[in-house]
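Scroll down for the structure; my scribbles are underneath it.
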Amino acid sequence: MSWSKDDMVRRAAAELKDGQYVNLGIGMPTEVANHISAAVVLHSENGLLGMGPFPRDDEVDPQVINAGKQTVTVLPGGSVFDSALSFAMIRGGHVDVCVLGGLEVACTGDLANWTVPGKMTTGMGGAMDLAAGARRVVVLQTHVAKDGKPKLVERLALPATALGCTNRVITELGVFDPAGDHFRCVERAPGIDEVQIRQSTGAKVVFTPST
Amino acid sequence: MKVCANATEALAGLRDGMRIMAGGFGLCGNAEHCIAEIARRGVKDLTIISNNCGNQGQGLAVLLKQRQVSHVVCSFIGGNPDLAEQYAAGTVKVELNPQGTLAERIRAGGAGIGGFFTPTGVGTVVAEGKEVREIDGRRYVLEKPLRADYAIVRAAVGDVDGNLRFYRTARNFNPLVAMAAEVTVAEVDRLVGRGDLDPDDIHLPGIFVKHVFEAREHKNVIEHRTTR
Amino acid sequence: MKVCANATEALAGLRDGMRIMAGGFGLCGNAEHCIAEIARRGVKDLTIISNNCGNQGQGLAVLLKQRQVSHVVCSFIGGNPDLAEQYAAGTVKVELNPQGTLAERIRAGGAGIGGFFTPTGVGTVVAEGKEVREIDGRRYVLEKPLRADYAIVRAAVGDVDGNLRFYRTARNFNPLVAMAAEVTVAEVDRLVGRGDLDPDDIHLPGIFVKHVFEAREHKNVIEHRTTR
Amino acid sequence: MSWSKDDMVRRAAAELKDGQYVNLGIGMPTEVANHISAAVVLHSENGLLGMGPFPRDDEVDPQVINAGKQTVTVLPGGSVFDSALSFAMIRGGHVDVCVLGGLEVACTGDLANWTVPGKMTTGMGGAMDLAAGARRVVVLQTHVAKDGKPKLVERLALPATALGCTNRVITELGVFDPAGDHFRCVERAPGIDEVQIRQSTGAKVVFTPST
């Protein structure tokens, strides 16, 4: 049985280790925050470190928001800063892990997640900086598109967000590491076999012994 | 004397066709009174340099609604139907920048840097038409500084010398745009006297601020009220 | 856990041949305990990146006296007879940078910028062997980022998460070098608990600091005691 | 009679206007501070705006110094900041006037003031940034060297600090503005005639009607 959205989010949360500085992208990656057991510090690119959970009703402060423009809180030990310093943290490799949503990932590590030709774009926001800058990029996405087309591919069809940036992809079928000319499957969702994965993937997949 | 009575006085020199940088991230940290004054004045053919150019029909989006804006330099359009619509219709030209590149270009404009190489955008549409260079084994895109005629800034506290303190995530692009304009106007929730701010507590030194005025009332619109 | 007992623990990974960035302007804002520990350890063949590399035989000049330094990247030699002497003798290689270029190169190293164009140094020895380019009518020199294995930083207050506050002009290069090293060690006059610093009052976020230790006693040497 | 050092310093102080942000270089320029009547804000490139006078004996703070490493004070309204922001102010044209010492100034505005070949250098410190970055550069120097050689010249003999940067030179003989292929003399010290100035100057001098 493939992983549920919740399973995927939990699996992404398990990627995080004590002491890491972590940025969670907008959308599904934001939900990872609810399942982190490690002592990490959350970074929000609008200029916040030590981001806490959503506020209680009586704690809401319109001037404390995350990059998704949602009201949040600042944990003790947190700090705020301007956008240039915030992206200095990202580009300079000070953010250890970034979890991003994806539209396509190539086995080279190239990532597309910001725009679809023919659709009105929302703009890239901080996605390109995060993808190019974070030390480790984990992509959370469905394995195939709604029309069944693979989203793990040999070569991007969609406009790139950054090249060679993706370290790991988590889908409903398992966990996949871009490895140049193929994906390395390092974990399969329970009951998912190699054939299912190969059929749903647009690039060569190599299974590690443990899978 | 940097202290002005209000936005009208502070923005008296604003003209059609000018380039305006605005602090704020979405509707957080917006110079609301400055925006209202620009709307009231009705100056046209403006270039707005701002992360979002408003959102949800509010903030800088009011200037879009009034057709005062011809160019936008930003990083994100999502949540801003006015910008999306006028961009799609071709009535507003939009130059999209990665958010970190936008921040760094503004800083460069303020800091006298003629250009910089960033890894962000290599191999993407952002790099099209720009120099890409390998430096010490990594590829970078050359990006140019941004400057403006006016910058409008919102701060929590300002003193009569233009020294500013920001509050929480309302800081965002505010200190950066303040550095990169010919004339920087700061609206502050609270104006204090000379020496009321400790030298170590100042987020942005007054050298970057030309006019400062107090505006106690702000809407502080919440875009997504999320609670637990 | 970022908190260390002392400089010995914080600098345990230091090795011969490493590159060390040091905050401080002359003898102001020096990480005195870190410098003493480097002297005690006797590690050799160091590259020191610092505005002055000590002065008047004190601060980082102690490492010069002990012949632990082979390269210095700095902006100013005046007032530092140890550096002048070893530079003249050719036993220490010195790379002189304009002070603003030095600061910006360190910032670039910390901020992931691959290089930047600055107007400083055009037409001078500083530009020799470097690319000079005219951008929008002004000439600029291309300068590269600087990084180091260790940065040693002095701050007035630090918390257990490595968030720092500096005091007066002891700030200088300290927040910059903290951004540009693999391992940043901060010695703080006063160590406080989590949440004791307001998020708006933090000069340097803890993300840049790997180790922090409290050192209550500092010499704070005055180079030129001028009074009225 | 030519101007004394004190006269020169006072003449430089008269260049400054209310509201300006001003950086005074090390040496003679530092003394300009004692004679400023305009309401200016002094910048020191080690990271200080609103620099005040030397402290009283009981006010001395080793962590409040200027770029010459002298103990100073911070005036109400002053601020401190890191070296990158300090030089952003300089390079970005936010410092209105910088008064620097000089070894040679060419009529093109080129300035040499940081090193003399064959002598041990002190390094350029902030001089190149200040010369290249400040909106207006005023140079305070003697008109001729100790050996009688002109220090206002057609072309620098010494290594340059910055090209085309000097707006005004104040010497013991008068006030001179680099004007391309000549210096424009805009003021003469009392009793100094045009012949004296021409003889002491290594480039063409044009006298404005008022001189």
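Couple of notes before you dig in:
Labels for the chains are A, B, C and D, by order of writing; each one numbers its residues from 1.
Assume a contact is a pair of C-beta atoms (placed from the backbone, for glycine too) under 8 Å apart; a residue touches a chain by one contact, two chains touch by 3 or more.
What you see is a predicted model; the values in this text were computed from it and never measured.
Chain B and chain D have centres, each the mean of its CA atoms, that are 35 Å apart.
The geometric centre of chain B is 32 Å away from that of chain C, both derived from CA atoms. Separating the centre of chain A from that of chain D, both taken as means of CA atoms, is a distance of 54 Å. Counting only residues that touch two or more partner chains, chain D has 48, 74, 80-81, 84, 87, 90-91, 133. Multi-chain contact residues of chain C (touching two or more other chains): 104, 107, 111-113, 118-119, 166-168, 199-200. Taken chain by chain, the contacts fit none of the simple shapes, being neither an open path, a ring, a star, nor a full set of pairwise contacts. Chain pairs that touch, as defined above: A-B, A-C, B-C, B-D, C-D.
Residues 44-48, 53-57, 60-72, 74, 80-84, 86-87, 90-91, 110, 120-129, 132-133, 159-163 of chain D are the ones touching chain C in the complex. Residues of chain B touching chain D in their complex: 107, 109-113, 159-161, 163, 179, 194-195, 197, 199-200, 202, 205-208.
On chain C, the positions that touch chain D within their shared complex are 25-29, 51, 55, 74-79, 84, 88, 96, 98-104, 106-107, 118-126, 166-176, 220-228. Those residues of chain C that touch chain B in the shared complex are 104, 108, 111-119, 133, 135-136, 138, 140, 144, 165-168, 199-201, 203. Listing the residues of chain A that touch chain C in their complex gives 21, 41, 43, 48-50, 74-81, 84-85, 87-95, 133.
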